[in-house]
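Okay, so chain A shows up in both of these, paired with chain B first and chain C after.
== the complex of A and B ==
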């Protein structure tokens, strides 16, 4: 249906385009300009000065936070994917269609509950006099320091990513050709081997995309590292909020944000390439 | 499913997998349920054993004028965000459904990418940009920022509905002499109405729970989730649970309404 540009067509297509250009593209582009501006006497001054880049990249703290964030987000993506897979697998292959619909519905609910409230709830579980330590006390163990640890941050990351990863894995698993699995079984391929040699390769795109989303979510999250991890070790997201909120150093925060975007783009590119590797043959 | 017998060979492994699924859902719902339970618990520092049943946190929340102000902001922002993002999302979905044009990939990327950008980065970019054009620090800035991330959801929901429409319906109306505008009004909008309402509720629910971007740009006009973030930073108190339970019930009501509309007897109710 190729038609000349009409007022009618533009009425529907232009509003979103204009809105996203004005309030999505421009802010991100402005971030680039901002990273070259300077702050003097608590006031932003436009200009072109690489001082923010030099300052931030010259700080060991920044690179430490960078390495920490990258490692923790990657760890969380791997852990979440590994723990979500048996769940998604069982929902896809072991449940009746009705039960599967319920499982999907229940997994959607967390998206509409406040992440903050869930994180606060984990504090109640993990604190020194919290639910888990009280229960451990009943069998004569503990109390252990559970809150303000990397483990607690990981738990928060899982809270954030687990439902989405299960759903994305599930949607790729239900499309796995079941005759392939039957064929593997008929040829006396073992259970685990079928999973690793048939199911996972067939569902690779979905599994990789799921892990990628988990990575993106955790990479930018500042709530779990602060309120469950205790702010130590510092992540890039904590660095951004601190630099913006207390330091008023927006140009430096922009440097961190742009570094994060660049990293995410590289990771996303690599992940997508890996996901579709050999697909076009 | 007929192949299930073939696939389900070892009942022990099946049982273990099903147990694992139950454990996974327990993990997902433990914090949600705990928040609900402790919102009715009397203890200042929630833990087990439970104290006695109490509604004092709800009363404390209800007596806090700042919470009411936050709620007003949240509802106002949510309503505006819902309507604007649904309108923009509808336009984009219809564009994608009907037109093919040069640069459509870019258009669709712009329409769908925003939710994948980490919220801290969006928050910072929005704060810096909106304060530059004197739009930051008020409810309007939260609306602007939320529409950016909500419109893609509206578009996805409405696009899905449009793909269920018979593609010859629109040309048929034209052949019968209806103008494009009349066809839009009498054919397309009635057909997509459930999705439009569904998108409205879903985008409102997304806006209700969004706290990070709102925290960056809202200034003094904090929404309720930003208030919760404040509680979390300051005196941690079970009030969070009371607010959380309230917001949960509100969001779930919206989502279930959307679900009923979307799955519901769509075409049947659309007959004029």
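== the complex of A and C ==
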């Protein structure tokens, strides 16, 4: 049965529709088109040539960066989720409602400051003459190379994702039915075991969505891998900037960007399907 | 006398300044079906939760099989409970739900599957073993919840208003399922409910609670026939209550003076002192209705009929005395056949002193 489109409904949905068309669909279409253009004498020429796709997909360095980015984003999602969970759990189950409100407020504060600023402040801590190495020096240790490592990149990824992941996990944990936890205790399920047997399965959708957000943020992030990781190993976001800088290769950069978008879509789809697996409508 | 399975010794529970349960003493015997009944907020659920280890008593000792269990965490007790919401795990299917408690006890996969299947069979839900909880009807979920708690073959089962979400017909069916289950297994059932019909139809003994205090403990018959406090009489709603003052009538017999008249008490009033405030309780089935004043009756009142209500084989007739007190009388249709019943008409109500009893005010 087709429902007639009402003017009233349209009034409210139209701005969003136009916005989406202007700033999502059109750029995406342009990006797809761009990926088939060519560059001659540092100049873009419109056309239809699959050379960019063939070139990029034929380069080991692209696949290396792809694997690195995928692994690092997945690692960051897993690590952030694992570290955020005890925090979200404590806020949801151990704090009084008043203290919980404060905790949520504190979790929002990091968003007040630009991510870039927060990453720069990590440099102050991590560099060879930074706060941590100076303090280690007092007790005769170091200096250690902390900056320009994968660990530093991970720290940056967590700076990006941690508060959001805690909040998303928290909002799914507060809706876990407390009687289910009591029922588990009642059936000889101890405290820690209940977390794994009851709390996590109950909050699964929120936990998976939180990890997915962390993955999405880190997969496309440029700031942490360059300012904390020193650009090594190369991630796809770094590869994009390198490609545009070297010889105005915008079409090849478009290929990378489109591959990233496709990857994110597949990952998001799989994650949502996993989150709702076994649930009946 | 055998040692009770559970005993509450001076147990009290406070939440801040709110007293949920006042110093309570209660013994639960092995193999009995005990119902704890009361209106909401009377402390019945708190009592059950303390027994399950979900609340810690503020005071007193709870013993299970002789051992104090106050400090035993919930997961170290064998006191399975059926929740009002059933608390089935939505992320597990039917048989996984039933297996849960066995898994927690470290019983092997094959053995727990076998025992779970046995209970599904027994509860007549074997065909739903692989279903999701969301796909079951209310009655089927009920059976899953029972199977899940009983699969560990406990000594005691706690039930917190498990039937309240079911419709009336299903409720009656599940009552007989529960009663039979209890009889067959011999497991002690502690059943919390606000429903008189559930408590009275299933339980061997009923505990009536009000404001965190036990008002009366007894068999359903005892409680129905002789409510021990004014609250219980009021709560059951099947008694006529005449509040008044103890006195002696002209013949020196113990009596009670009420706004509706003076009534003679049985057995000399059990040593009651005149002047004391008390209430006379007369069961609605023990009252007689006469159109003409009965010549030989000791206790009579004249009252105007104000309404009638038919429930199956019996009818309840409502009267109002000159003092404005409402009186209910329950009779079979045969007993009423000869009376010219009509709303607004005056009748004489009588009862034998032996059918009335006193409760303290």
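Basically, the second predicted complex is superposed on the first by the 265 of 281 C-alpha atoms of A that agree within 3 Å, B and C clash if a C-alpha of one lies under 4 Å from a C-alpha of the other, contacts with A are read in each partner's own complex, and residues count from 1 in each chain.
We adopt the following convention: a contact is a pair of C-beta atoms (placed from the backbone, for glycine too) under 8 Å apart; a residue touches a chain by one contact, two chains touch by 3 or more.
Because the structure is predicted, anything quoted here is derived from the model rather than measured.
A.B. asks: Clash or fit: chain B and chain C on chain A?
C.D. replies: Result for chain B and chain C: fit.
A.B. asks: With both complexes overlaid on chain A, does A:125 touch chain B (first), chain C (second), both or neither?
C.D. replies: Once the two structures are laid over each other on A, A:125 reaches chain B alone.
A.B. asks: For A:240 in the superposed arrangement: first (chain B), second (chain C), both or neither?
C.D. replies: In the superposed model, A:240 contacts chain B only, not chain C.
A.B. asks: Quick one: classify A:40 as touching chain B (first), chain C (second), both or neither.
C.D. replies: The answer is neither, since A:40 touches no partner chain.
A.B. asks: Determine, for the superposed model, which of the two partners chain B and chain C contacts more residues of chain A.
C.D. replies: Partner with more touched residues of chain A: B.
A.B. asks: Just checking: does A:112 make contact with chain B only, chain C only, both, or neither of them? Give me first, second, both or neither.
C.D. replies: Touch partner of A:112: chain B, not chain C.
A.B. asks: Is A:183 touching the first partner chain B, the second partner chain C, both, or neither of them?
C.D. replies: So A:183 only meets chain C here.
A.B. asks: Quick one: classify A:193 as touching chain B (first), chain C (second), both or neither.
C.D. replies: A:193 contacts chain C only, not chain B.
A.B. asks: Considering the aligned complexes, could you tell me the closest Cα pair distance between chain B and chain C in angstrom?
C.D. replies: 5
A.B. asks: Residue overlap on chain A between the chain B contact set and the chain C contact set?
C.D. replies: On chain A, the overlap between the chain B and chain C contacts is residues 182, 185, 191.
A.B. asks: Residues of chain C touching chain A in their complex?
C.D. replies: 52-54, 73-76, 78-81, 83, 85, 87, 89-92, 100-101, 104-105, 132, 134-135, 148, 152
A.B. asks: Give the list of chain B residues in touch with chain A in this complex.
C.D. replies: 1, 3, 6-10, 13-14, 17-18, 20-21, 24-25, 27-32, 34-35, 38, 45-49, 87-92, 94-95, 98-100, 107, 110-111, 113-114, 116-130, 132, 144-145, 147-148, 151, 155, 180-181, 184, 205, 209, 211-212, 216, 225, 228-229, 232, 236, 240-241, 243-244, 247-248, 251-252, 254-255
A.B. asks: Considering the complex alone, what residue numbers of chain A touch chain B?
C.D. replies: The contact residues of chain A facing chain B are 1-3, 6, 8-9, 11-17, 19-21, 23-28, 30-31, 34, 83-84, 86-87, 89-91, 93-97, 103, 106-110, 112-125, 127, 129-131, 134-135, 158-159, 162-163, 166, 178, 181-182, 185, 191, 213, 216-217, 219-223, 227, 237, 240-241, 244, 250, 253-254, 257, 260-261, 264.
A.B. asks: Which residues, counting only chain A, touch chain C once they are in their complex?
C.D. replies: Checking each residue of chain A against chain C gives 177, 179-180, 182-191, 193, 197-198, 201-202, 204, 278-280.
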